[in-house]
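For reference, the structure discussed in these notes is given below.
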Amino acid sequence: MAKSQHFPVLATFLTATAGRNMTRAAYVAVALGMAAMILLTVDAAYEVARRWIIALLWGCLAFFVFEWAVRVHHAARTHRPAAYLLSGRGLLDTVSAVAVPAALLLGTEPRAAWLLAVTWVVKVIPGVPGLRQLRRVLVVDARPLLSVLVLFLLVLFLGSVAEYVLEHEEQPATFGTIPSALWWAVATLTTTGYGDVVPITPLGRLVAASVMISGLGVFGLWTGILATGFAAETRRDNFLKTWESVSRVPFFASLGPSTIADVTQMLRTIDLPPRTSVIRKDQPGDCMYFIASGEVEVDLPGKKVRLGEGAFFGEMALLGNNLRSANISTTTLSKLLVLDLVDFRVLMARHPDLAQSIDAEAQRRAMENRT
Amino acid sequence: MAKSQHFPVLATFLTATAGRNMTRAAYVAVALGMAAMILLTVDAAYEVARRWIIALLWGCLAFFVFEWAVRVHHAARTHRPAAYLLSGRGLLDTVSAVAVPAALLLGTEPRAAWLLAVTWVVKVIPGVPGLRQLRRVLVVDARPLLSVLVLFLLVLFLGSVAEYVLEHEEQPATFGTIPSALWWAVATLTTTGYGDVVPITPLGRLVAASVMISGLGVFGLWTGILATGFAAETRRDNFLKTWESVSRVPFFASLGPSTIADVTQMLRTIDLPPRTSVIRKDQPGDCMYFIASGEVEVDLPGKKVRLGEGAFFGEMALLGNNLRSANISTTTLSKLLVLDLVDFRVLMARHPDLAQSIDAEAQRRAMENRT
Amino acid sequence: MAKSQHFPVLATFLTATAGRNMTRAAYVAVALGMAAMILLTVDAAYEVARRWIIALLWGCLAFFVFEWAVRVHHAARTHRPAAYLLSGRGLLDTVSAVAVPAALLLGTEPRAAWLLAVTWVVKVIPGVPGLRQLRRVLVVDARPLLSVLVLFLLVLFLGSVAEYVLEHEEQPATFGTIPSALWWAVATLTTTGYGDVVPITPLGRLVAASVMISGLGVFGLWTGILATGFAAETRRDNFLKTWESVSRVPFFASLGPSTIADVTQMLRTIDLPPRTSVIRKDQPGDCMYFIASGEVEVDLPGKKVRLGEGAFFGEMALLGNNLRSANISTTTLSKLLVLDLVDFRVLMARHPDLAQSIDAEAQRRAMENRT
Amino acid sequence: MAKSQHFPVLATFLTATAGRNMTRAAYVAVALGMAAMILLTVDAAYEVARRWIIALLWGCLAFFVFEWAVRVHHAARTHRPAAYLLSGRGLLDTVSAVAVPAALLLGTEPRAAWLLAVTWVVKVIPGVPGLRQLRRVLVVDARPLLSVLVLFLLVLFLGSVAEYVLEHEEQPATFGTIPSALWWAVATLTTTGYGDVVPITPLGRLVAASVMISGLGVFGLWTGILATGFAAETRRDNFLKTWESVSRVPFFASLGPSTIADVTQMLRTIDLPPRTSVIRKDQPGDCMYFIASGEVEVDLPGKKVRLGEGAFFGEMALLGNNLRSANISTTTLSKLLVLDLVDFRVLMARHPDLAQSIDAEAQRRAMENRT
């Protein structure tokens, strides 16, 4: 991997990010590469800008080959390179780097060979946020989803055989074979309904109608299962994310562990980029915030106050007047815990000591603002 | 903004409503304007009623320009006008007022210029009830929704490249470029299925079938996430609305805050217009009501009794006989808190003191009715 | 209404059922009438069986006129007939009875006049089970559903204006007016996708793609709101139905009201027709039953034991061995309360006295079976 | 059933699995048979590989006849064969074995007769996992689902009569009869939208638009009901699954069934991948764990202790000091039951014997760690 030594800046950059799934540069390369690949198939664009398209594709390919080389190099230093090459990500990287050159070497027509650049887009998958969550839903509900799939296939199969029997003499061109009837059945059962293959006999239409209505049923079951699974997963995820943050807020440190579990179920974490407005003055307020990490700036008349990790704010609109009394925005990337008015009331009712300390702090601040 | 001084009535009217998103007149103007704009594109209507259509459009435009002027005037008096003009609503108002005249001045063909009246319809958005709720769902569940969107785009892209490879030689007219294949993929993955572009090779149909089935999956995930988010949002919203009202009912004043939180989760608020029947005599009763604001009239034999804010009614059908004993209807716009039979029983079981005071009141009323 | 005196049997029958929404005979008449009306429009059937079809339609009409007459007669005796005639059901009945004769008298072509028989089908609506439940969901969630509808209309409108602008020069026949574009937009946004009107310009297709994806979003929100509302309604309905039944079972009479509320949330009511098998011998058992009304027969070796209102059965498979020890079926129409294994365990744990009495009864029965 | 004696190996194999719904061999036979049946209708495949296809079909048929014979034989030995033949599975088996031979004997054209092989695929149904769960949802929610179906049919019927009236003069070929209009309505209301029958008059399109939007509504209600039902079913299923795990932990074996129900509701199952940290040293502990399956490794100073199925850990932080005394992580995929501190205290208070044995074990471990 001596190659990476020749480009120290790029190599440093890539080595630093070798542990991450996708660098920002890689996203750009994927997007540009895909755009170029699409244009390659449009004759009008190809004739006008052939050189630029090809150059762009070669550039992207070079990037992915380089990225792959750096990662192999990095793996060689820390782990054994085989472990990386055989991992899912390693295989993806290798295919992205090798597929197009291999096709070109084997003499494939260039415009066809570059279609293999579609493998680049798959590199995006591991970086999709929340994919893990979706996968868990699919794994946990695998059994009922599978059984809906089997029902789907059964209706598909029985419907298409029935239509074949009823229609193949009337319409030999479209319902002449069971595979054609299956094509009709898929388009109908998913309610896509191209209309290229349509039953015309009365009985055929009756069967088709019941296939369509079954389609609605299958769809409903499918959605129902996913909705249920997703609800459970969301609850679980929120709890886990919040639990960790709650333990970092000193305000909750005095609580017993069972109360913390209670509080955790009420809070919601949000991640905010720097310089984002959290609270706008004179707007109605319906939640308060705890700072799990990061910092916010309170824009008081005449001075600016900064609140750091563990502080809370926004409680004044919940206690007395309903309107926010100051603008508040983040200064750095911050993780905030949001306590809705709903839960604020319940929490204060259950834990009078918390209520007191929030009250005391609110009064202290109100005093401070006045002076 | 001296112009508004010349029409004192209208100006008063508009100034009074300058703080609201949309006056009733503005809704009418949007509806009329849109109808006129649609008719403008129908040659038959244009030939017959050209003058009326154009007049109507000019009338609506005048209204929006006038509204805009009044609002700028109003903003100039209270805040700085720049704040209004740069706010979302101000921009909308400005575009609505300026777009069509600008196009006409720039020499656009009138029938084309009036199409810009479509910007008027966007003014409706801020007034949509529950939009805030929808936006919260989209914000809170942004991450999983985004990851479903990425999955959607991945299937879209991989599916269309596959179809391009499999079909572009058989059907150069429809699958000749990847953009055409993408068009097919969008129509298929959303289960729209126009049928203008349809794969015909066996392998192409197999790929299409899996794209359709993926479409069902994406759809199911999407719906599942939104359904989950919406359920949470609804719970939250109901609690907020009810909490405020409960605190105004003296009957609940004696309860501690934790019990109020308990009660709040059982109640549902409804807003009723004046002279609406709430309870019909001799109908089975399955809930009781507390008056958060407004007034109801009980139609007893021989006399009419009015109950005001804080009173409750409908408890007698829950305690003894199942049938309502009198007609009850609102006299003004009223906000009622509904306690279902379900929760009534639970609440009475948990709080015997509440049960006693309701019992006492019911007996007092029964006595009164008899005498 | 002297007419009904001439047909005493029918009159008795109809008077007896005058209070119900639909008699079984009326359902049959609606079904036959609709079938005849459909056949009337099919030339092949009309030529062959004209007389029979017309006779059937006249028969059904006679039935509905007769039903209407009996109901007016009935209303005249008990209430004032005006109250009936102005009620929703009365209007339906009147229209059903009068529409076709009126059209025939006014000289409408018979085959067209009989199409008004479609009003008969609307009589079915009040008898639909669970319709009240659906209506409640729509009322309670009216605001968010409305706001989704407004979003739907906005996308519809903006999408169709955009397509009109982009496509009306390329395809004057299909996108030549905004109403035509609206027709395209409805078919696209609901993912119906007829394919009779399809954009062909690149930009038009881009707009169409975003309309389709918005369609998925609107659909998901819509479903999410309905799913949430329906879940709440179902919980409420089950509780109401069960509460009434529980109070009739002596076994639960000793419990305090808060425990009854507890128990009610665990039970599920089912209505079974006579001679229906409830429990099959040697099958795994995962619930026990209480008889709210009706009667069951236990098929013990050598004898048959009948259990009436208030009794319970099926507890033995939950206590000891997992297999049912006897066949049990209903003898009359019965309402049973089902207690799942899950809730059985919880209930027994919370209320040891209930556990004891069930245990004692189970032992008594086991003894009896042995001897 | 003497035939089975000639193939002892197969007979043994089949007898062994006679009690199961589907052997693996049967799944293979169904798949092969279906593939062959599909190919039979494709002329190209039929001409090339006629012999192989027919041979394969005969082979599959022989398998099903054989399977049926073995099952009858098995039933004859244990129960009466009539019971098997009249059961659902028996009827399925008989039809699978007899349908094709009967058709061939009756002189049906062979390629048509073999289409009856589609009955084989229905044998798969009883083996679908989670089908029982789906059926329960459909049974429990039968009433609301039915009422949505009635609404669906009403919209279908009214919509198609309206379209017939509005369109049959313009388009006699497609909307000439009500059955044709019904065909349009089904394709539209299910959002399939073939596009073979499309309204063209302005009023017809307005009616069509409202049918499409009703389609969305019906779909949403349908999905909402199924989602709600499925959520309830999932909760029930989870309880049953946890219940089973609890019974495998010897620690709980001494408890009576009612206490186990109590415990089950306190516990939460979590599945952890291998090498996941469960407990971190010196962190506050607020729950203890039972191992339902899998294994964990306790990282004590100087040695590593492994705990397997049925063991518990994490109790020390709950009993004495609040901080965890060791790192603990899983070694394999493990299912743990989590008991929160709150529930731990309640459980210990109710069952002093459990408290004692946990205490004893904790002391033993503390001793061991010290030495």
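Observations on the structure shown:
Each chain gets a letter, A, B, C and D, in the order it is written, and its residues are counted from 1.
Here is the rule we use: contacts are C-beta pairs under 8 Å (C-beta built on N, C-alpha and C of every residue); 3 or more make two chains touch, one makes a residue touch a chain.
Keep in mind that what you see is a predicted model, and the values were worked out from it rather than measured.
The set of chains touching subunit C and also touching subunit D is given as A, B. Relative to the C-alpha centre of subunit B, the farthest chain centre belongs to D. Note on interfaces A-C and A-D: more C-beta pairs are in contact across A-D. Taken over every residue number at the interface, the positions common to subunit A and subunit B amount to under half, indicating a different-residue contact.
A straight line joining the Cα centres of subunit A and subunit C is 39 Å long. Our note on geometry: subunit A versus subunit D, Cα centroid distance of 27 Å, whole angstroms.
The residues of subunit D that reach two or more other chains are 179, 191-195, 219, 223-225, 227-228, 231, listed in rising order. If you check the complex, the residues on subunit D that touch subunit C are 140-141, 143-144, 146-148, 150-151, 154, 157-158, 161, 164-165, 168, 176-179, 182, 188, 191-195, 198, 202, 205, 208-209, 212-213, 215-217, 219-221, 223-225, 227-228, 231, 236, 239-240, 243, 257-262, 264-265. Of all the residues in subunit A, the ones that touch subunit C in their complex are 191-195, 223-224, 227. Touching subunit B in their complex are the following residues of subunit A: 34, 37-38, 41-43, 115, 118, 121-122, 124-125, 128-131, 133-134, 137, 152, 179, 183, 186-187, 190-196, 218-219, 222-223, 225-231, 234, 268, 286, 340-342, 345-346, 348-350.
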